[in-house]
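Each of the next two complexes has chain A plus one more chain, namely chain B in the first and chain C in the second.
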Partner chain A sequence: MKGLRKVLTPFAPDQSGAVSVLYGLGGLIVIIDAGGCTGNICGFDEPRWQDVRSAVFSAGLRDMDAILGRDKLLVSKIADACGRIDASFVALIGTPVPATIATDYKALKRMLEKEIDLPILTVATDGMKLYDEGESLAYKALASEFIAKEGTLDEITLGKTPLTYGGSFADVSLEDYKKIGASTKVIAASASGIEAAKTLGLSYVVYSSAAAEIAGSIPSGKVLVCHDEVFGKTLRDKGVNCDIATFFTLHDEIKESGDVKITEEDEFTDLTVNGGYDVIVADECLKPLAEGFKGQWIDAPFFALSGRR
Partner chain B sequence: MAGKTIQYTAAQIRDLGKENIPKELMGGHGLVYSSPATLAYNSPGAEGFGVKRAGLAVPESVMLIVSPGCCGRNTSIVSSMPQYKDRFFYLMMDETDLVTGRHLKRIPDAVCEVVSFLDGLKKKPKVVMICITCVDALLGTDMERVCSACERALGDGTRVRPCYMYALTREGRRPPMVHVRQTLYSLLEPMEKDPKSVNIIGNFAPVEDGELLRLLTDAGVKHIRQISTCGTYEEFLKMASANFNIVTNPEVRAAAHDMSQRLGIPYIELTRVHDVARTAAQYNAFSSAVGISIDISAEKAKAQEAVDTLKAEFPDLTFNIGECLNADPFELAMSLVRYGFKVDEIYATLAPEKFRYVSKLADISPDTKIFCNMEPTMLYYDMSASRAHISLGKDAAFYCPDIPNIAWNSDVQPFGFQGITKLMETIKETMKEARA
Partner chain C sequence: MLKIAVYGKGGIGKSTVTSNLAAAFARLGKSVIQIGCDPKADSTINLLGGKPLKPVIEILREGGEPSSAEEISAEGFGGILCIETGGPTPGLGCAGRGIIATFNLLDELELFEKRKPDVVLYDVLGDVVCGGFAAPIREGYAEQVLIVTSGEKMALYAANNICQAVRNFEDRGYAHVGGVILNHRNVPGETEKVYSFAKEHGIDVIAEIPRSDDINECEDMGHTAVESRPECEASQRFLELAKKLIGEDK
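Here is the complex of A and B:
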């Protein structure tokens, strides 16, 4: 049945992706939720939360706040916090609650701009899409407020967040983003990195260092890579004879014959049984879906799938 | 002022009075800081026994979480525990579902597919809990009707019950953790009473084996049932035969009231306290109320000895106390100060009903500082101003990483003199290790 998960737990959602891009940039991040979404993000999807304190807050919505659409109360809470917390910007992150009550982010932004002398970023995530889309939206929000062609910057990597690469994420500062238009090289390390570069109108190269590291250890034969598209593309560029299957965005520029975007558990099972693959490169959390697969499995941890670091 | 953590002393709070508790200490008035405590309790599905684990407390039950993907994301933590293998399933909502509510029509088919899948694994469930979240709270979904449709679709007697993971209603009249307890015990059907049968209800893991169970056994009780110790659904259903319920957590009070009305099972509350004299008084009141004779002298003496030993070895011990622990932090602080120890800081949300503890604490330890885990300025908390030797509570370790910590948050619940004894001994051992 479409949308029914019997084996896998849900993947990292768009709101986690948005926070993943904005975390550690010095902003005051407000997740417009009742608390549960913030619990999922900071308590699970954001490994940096354990080590680095960051101003990530829940809006602490209650039922009547949502039912009555108390935007003024939310603005007042944020303005109050801004008076006591040092921040370089405010970011509003959407969740299913504002999606349900059709929150007007443009109006919220205007209301906040009247109260707070800081840039206001809004990211209209809704918890129903996947993390890479949230990352892309966050990059777009950053681009709209900060990104210019001032200064100099040698190289910048986009889309290398903990959700795709666990502990090997790229540490990019707000100052780096401000200078991105002047960078000499932009590396798109994942689907969201490609989207970000496109949004900014920058030329880029597609490359995953994590994939490049394991390329030499992958046996010959027909290989299925189930990961982010850039991870698969890098393996292919390194000479691995692989098809890419991804639960996330698959851009036309990456896609080749045999590559496929998948959504349901059964689709992955079908690939493993009927695809004729000798090797699968994927997170081990997918193994229970491939009980009929007799070839070699090479573990490629993918935090957005399994939550494994 | 930016960069300054808001705090109040116990004396300041006492002097302000119960009606004027600073809003920064009560939470629910501003943005909520992402502290370990708020991430745990603000999210009904997160740590410990949130709604998800609680909903599966009934033996031979499984859960279908019907929600946007984000609501089920952290369930992989729970799913990795062996006892939850093949017990969580997800029907993920998309934006069209949100607008049209079409997902509700798919739930019976999804439940049938899950039950059929489990039947194939020889794990057919007796109960399917359908967990829904904030979205359906706002859509006003009638889950009783959906569950009835599921039971009709299954047609084999499998029970289907709703489980509401509504973070939006956390401070409402029936918060999620109250409601889930009512749902669980609503599965019980009236049956003949057994005068020698008692239930302990409130938590989802058992009360620590020992004292309370022994006292009941000595008083002639033959069957002591807790939801977590029932091995099968049939055994769980026998909880309906109890002569009375012992309530050990106020969040089960509404369920206990339901059972009293529907099943004719009266209830009595026992509160976990850490003062030896108050524990003794509570046991005496309990034995009078239910008409049984209990001898608590040995346990009481042991608890007092544990307190005295700790005091002798570490007379000036100073604590910082969080709220992610099996204790009321304000009551625990008051008890520790009464024993002659010091409590420097407490990190906990101050609800008005806790004011009585803070007021008493202020009389004997006026300078104890109180912080609220929800307050945004906790971002700037710095432990360097504290002189504590040890912290209690899992969340306190986050604030005080450089001193020994006792999480004291096991699933199995410490209780009574036994709980006091174990806590004192654990503190002693932890301090000895730290000193070594």
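Here is the complex of A and C:
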């Protein structure tokens, strides 16, 4: 049945992706929800929550807030929080609730800008898409508020968030983003990194250091990589004879013959049984879908799929 | 680009006014898009020879995933691109959400960027009853609201509510009220009542449309008066209004 998940748990949604980009930049992050999405993001999709302090709050929407469209109440709550927290910006992150009641983010931004002397970022995620699209939207919001050609910066990596790379994420600061236009080298480490570089109009190289590290240990033969597209592309660039299957964005510039974007569990199973692959490089959470596969499995953790670092 | 939302009490003639105004812009050589934002989905019918247009929500309901504006629109008189948001089965779902879903789709399809129209007209259902029905006046959409009213008490009551709603949205960067269109029903003291209302709200009556058999007869044929009888008085008023709005836009 289309869309039915029998083995895999839901992947990290777009609002988690948005927070993943903005977490650790020193902003006040307000998730426009009743509380559940914030719990999911902090409890499951953000590994830094246990280790690094960041001001992530739920708007705490209640039934009457949705019915009455009490945007002014939300603005006053955020203004109050800004008085207590030393934040460098405010970011509003959308979830299914504001998407359903048609919250107007541009209006909220205008209202907040009158109350608070801080940059206001709005990310209109809706919980219906996957994390990489939310990351891309967050980069777009950052680009619209902060990014300039000031200063100097040797190298910056975009899209290397914990959701794609677990503990091996790139620790990019807000100051780095502000200087990105002057960067000598932009590395797109994932699908959202490619989108971010495109949004910024910067030339970039696609490269995953995590993929490069394991490339030498992959046995020869026909390989299926099920991960982010840049992870697969890097393996290919390192000489691995692989096809890429990804549940996330597959850009035309990456896609080669044999590469596929998949959405269903059965599609992955079909590849493992009928694809003629000798090796699979993927998160172990996908293994139950490949019971008929007789080749070698190389584990490549993918936090957005399994929550494994 | 001239971006106008037409509001007013249900049954006051918003769709008639909007379609005739669209046709007038087209006759003046402008590229026009008309978006009907009413679940009844009958805003553009008289620009399309009386043929109803399949609404966007209906296309989405059937599982369609439109990838181009052509799939959700039809070209009517004067090349006017017609779109109807439509809505849920009456009594179910959320019509306001339907408008938002349609607008999100138009953004995704980059309709305005690709088509580059001179004029966009939004024909909106009755009062501003919820966030969805205010969507046409949000930043990036209509820049001015034209209110259609007659001298009837309830029409003026609705017009007052619309003025109030727009004023409440001032801090949100929404559209402003561009004026009142008096659609005559020939009730006693009509002109005085409507001008008095406009003065009270500090806005202008920017056009008066006479009660006209020409409009009704043309609509019976599935046309606007501006299309079929451009010489009639009502059509001339629409053409004058279109010229005025173009002039203000410059």
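Here is the rule we use: the second predicted complex is superposed on the first by the 309 of 309 C-alpha atoms of A that agree within 3 Å, B and C clash if a C-alpha of one lies under 4 Å from a C-alpha of the other, contacts with A are read in each partner's own complex, and residues count from 1 in each chain.
Note that contacts are C-beta pairs under 8 Å (C-beta built on N, C-alpha and C of every residue); 3 or more make two chains touch, one makes a residue touch a chain.
Since we're looking at a predicted model, the values are computed, not measured.
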For A:45, select first, second, both or neither according to whether it touches chain B, chain C, the two together, or no partner.
-> first
Check the residue A:288 against both partner chains and state whether it touches chain B (first), chain C (second), both, or neither.
-> neither
Item to complete: Once the structures are superposed on A, label A:62 by its partner contacts, choosing first (chain B), second (chain C), both or neither.
Response: first
Notebook entry, point to check: In the superposed arrangement, which partner chain does A:110 touch: chain B (first), chain C (second), both, or neither?
Noted result: second
Q. Between chain B (first) and chain C (second), which does A:100 come into contact with in this model arrangement: first, second, both, or neither?
A. both
Partner chain in contact with A:77 - chain B first, chain C second, else both or neither
first
Comparing chain B and chain C in the superposed model, the one touching more of chain A is B
Task = Scan A:85 for contacts with chain B and chain C and give back first, second, both or neither.
result = first
Chain A positions within both the chain B interface and the chain C interface are 100-101
Listed in rising order, chain C residues that touch chain A in their complex are 94, 96-97, 99-100, 130-132, 134-135, 138-140, 169, 171-174
Chain A residues touching chain C in their complex are 69, 100-104, 106-107, 110-111, 114
Listed in rising order, the residues of chain A that touch chain B in the complex are 1, 3-6, 9-16, 30, 33-40, 42-45, 49, 53, 55-63, 66-67, 77-78, 80-81, 83-86, 95-97, 99-101, 126-128, 130, 306-307
Chain B contacts chain A in the complex at 1-4, 6, 27-34, 38-40, 42-47, 67-77, 79, 88-95, 98, 103, 106, 109-110, 113-114, 117, 133-135, 137-139, 165-172, 374, 376-377, 379
